[in-house]
Amino acid sequence: MQKLKQIIEQSDTRSGKVFDYVIQAMIILSLVSFSIETLPDLSADSRKTLKAIEIICIAVFTVEYIARIIVATNKPTFIFSFFGIIDALAILPFYLASGLDLRSIRSFRLLRLIRIMKLARYNAAAKRFHRAFIIAKEEIVLFLFASLIVLYLAAAGIYHFENPAQPEKFSSIFHSLWWAVTTLTTVGYGDMYPVTAGGRLFTFFVLVIGLGIVAIPAGLVASALSKAREMED
Amino acid sequence: MQKLKQIIEQSDTRSGKVFDYVIQAMIILSLVSFSIETLPDLSADSRKTLKAIEIICIAVFTVEYIARIIVATNKPTFIFSFFGIIDALAILPFYLASGLDLRSIRSFRLLRLIRIMKLARYNAAAKRFHRAFIIAKEEIVLFLFASLIVLYLAAAGIYHFENPAQPEKFSSIFHSLWWAVTTLTTVGYGDMYPVTAGGRLFTFFVLVIGLGIVAIPAGLVASALSKAREMED
Amino acid sequence: MQKLKQIIEQSDTRSGKVFDYVIQAMIILSLVSFSIETLPDLSADSRKTLKAIEIICIAVFTVEYIARIIVATNKPTFIFSFFGIIDALAILPFYLASGLDLRSIRSFRLLRLIRIMKLARYNAAAKRFHRAFIIAKEEIVLFLFASLIVLYLAAAGIYHFENPAQPEKFSSIFHSLWWAVTTLTTVGYGDMYPVTAGGRLFTFFVLVIGLGIVAIPAGLVASALSKAREMED
Amino acid sequence: MQKLKQIIEQSDTRSGKVFDYVIQAMIILSLVSFSIETLPDLSADSRKTLKAIEIICIAVFTVEYIARIIVATNKPTFIFSFFGIIDALAILPFYLASGLDLRSIRSFRLLRLIRIMKLARYNAAAKRFHRAFIIAKEEIVLFLFASLIVLYLAAAGIYHFENPAQPEKFSSIFHSLWWAVTTLTTVGYGDMYPVTAGGRLFTFFVLVIGLGIVAIPAGLVASALSKAREMED
């Protein structure tokens, strides 16, 4: 029992490392098989193999979850901790899906992606992000809010300029919001763009003012991360 | 009277907070209804509901404006202050629109967006932006001006290279300015791009030199904001 | 004579300021008229007006140039200084064009843009850029060179992957360089993009590695500019 | 012998500089000729000239390689050093290609690009990159890993939203990964973009969260480079 606890909860022993690597490999494997499942024109044989891999992964994760509960010093604390919930959510969809109608399976399948959160346990970057987020929380929320206002004003403005010229593309402020998002993040797919002189001049001003504002939350995350790193040292 | 002043101007009491939240909710509601109005194919019933919401919002904002004037220690100071003017502009379009010709309503409707500025009263980000802008004002103007020169030279150059090959797209320097804006901000919609070898080589040099220059105003805003934050502490 | 010198070379007196503003207005005016000239379908009357504006501007710049030579303490030093040469180049194309064949006028006209450099005399941003460039010269050259190698390798690689699938678009390494430029600067016009799995995987790696390298010269300019500003204080 | 060593290994004497410049010129020449070879519709004469240039370059690089071995104090150390291996790989493909089947030449030809690595010997930027990479190695790997997870989740999510609407474009998670790469790097070619309201809202959230994460590895490289520079001083 004491040895099982060591294997599961400590990663500096040899067997502890092997356990960690096996779990990580199973997570990656289950994600890869999840992705392959979405390929069109899969043969029935491939589907069967994927189903088998899925069942094996679920079995391993279930054993892991039960083992983690068993070795936990304080069982309820573990079950309602962040990773306890993630571990439960990673296996729950499978058991629930068996009892559910098949038509709802499409949206349901996406829940299997929660498994990727299990990787966070081994990922120092995730911990640092979490710490950085706590440091800069208030500011990030503040400037996300400012970004939302800029996005909204950009959408309302471009709607005003472009709706008469392209009523089928800029058909409402909601449709124009998509343009505002792709333009202010500089993605610029090219599915919507202004064609009138007024709309283009407006876009110029929106970009001049907006790029500085929309870029700020990303900058805040970056500087908070460097603070989080200093706190680690 | 003293109690009304407390509710309106202070946000640390319970009733003050409720008042603030109600006003904020009304602003958001009026913006959402403004956006829904732009949707094509709205039923007559929906239009009626939106009209009703608009009238309610205007009523609330009018009462708020009058209340703020009443409780203000120095009435003219409030009326001609930044938020005093914004509050007036937020309700004025409605009252004026009733007496105006309906055909001009399209441009006029946009004035309703001024209401969004009322949110700035509750937004610490807006205050920080304002302070940051004062800090970096001279520099931002300086480099915006340098960016304008870069944009102009890029437009004149690409016009020279691409006009003979694509006379309908790069038909003048003014049309080419749109290309310069979308390229130097790296949005790149793909509606205009050089096809000649000369134009492409020119674009390469413009990007190498221009990206550094155009990105500087955004950087100046970011560093001014961090200075503004330090001043707050 | 002493007064003329004051008006031209000093900008803190009233008449000196007026002189500066007149010259700046003439530069802007001549650039705007240059741009309007490129508009297609201009009437004969408009062309005549533009021609007249051009002659007036040239006359003013010529008078300015002669006046600057007259008041210069050391005449040859001014004539061969940066702004002395710019002032000469700003008027020279006009006088030369009269004696030249008209067919060559297209490329020649572009030389009129040199006038924009006259604005640099009044632009503190230009001076700061110049100082920043001297500070970071060696580094910028170093990383521009590294960027060129990355661009070349990206072009050679994508040519290898995409040429068999899209021979008309990725028809040689030179054509692929255009793709490399638009992709690594994240402009992404959408005129050329990989369609094969290999080309897309290669693009992913190019972006992961390349974005960091290509963004560095811009970052170097920004940090050199902040150093240049500190030196000014 | 001692003089040959000086010429090859030292670049502060006159003959040493000439040697370096000749080798660099040959590398550039061989890369340019490699690129020209890819042009379609080359005449037989051009092909012959390119072949001749290739043979001359290979001859020079072979002589250089042998000379470097001869003057090396410790021959095996040089041969198995980074630049010893690069020098060998730069000429090897040519000698091997003569004995190989011609059909495989296409992929093989790409190996000639290894020659570009010979330039790194003269490039201080390459050395600084190497040092910066060692400084930030652990962090870069950490955040590249986090970026991969973000890319994967973005791809899985957009597949879920867009597959029913555009089954031929978002046909699997693997196909959607290409969308995730071009969107989160803000390249935005426009070959794939969401059209459903759900997909667009998802894209908005992906961009808000993802831009900060994907931009971090580039920022880490930049700050590691400035540390590397400080270490040089």
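We call the chains A, B, C and D, going by the order they appear; numbering starts again at 1 in every chain.
The working rule: contacts are C-beta pairs under 8 Å (C-beta built on N, C-alpha and C of every residue); 3 or more make two chains touch, one makes a residue touch a chain.
Everything numeric in this text was worked out from a predicted model, so none of it was measured.
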item	value
Centroid-based (C-alpha) most distant chain relative to chain D	B
Fitting chain A to chain D on CA atoms, where both chains share a sequence, rotation angle to nearest 5 degrees	90
Classification of the chain A:chain B interface as same or different, half of numbers criterion	different
Separation of mean Cα positions, chain B and chain A [Å, integer]	30
Between chain C and chain A, distance of the C-alpha-averaged centres to the nearest whole Å	43
Per-residue multi-chain contacts in chain C, two or more chains	174, 186-190
Residues of chain C touching chain A in the complex	186, 188-190
Chain D-facing residues of chain C, complex	139, 142-143, 145-146, 149, 152-153, 156-157, 159-160, 163, 167, 171-174, 183, 186-190, 193, 200, 203-204, 207-208, 211-213, 215-216, 219, 223
Complex contact set, residues of chain B against chain A	31, 34-35, 38-40, 106-107, 110, 113, 116, 119, 123-126, 128-129, 144, 147, 178, 181-182, 185-191, 217-218, 221-222, 225-226, 229
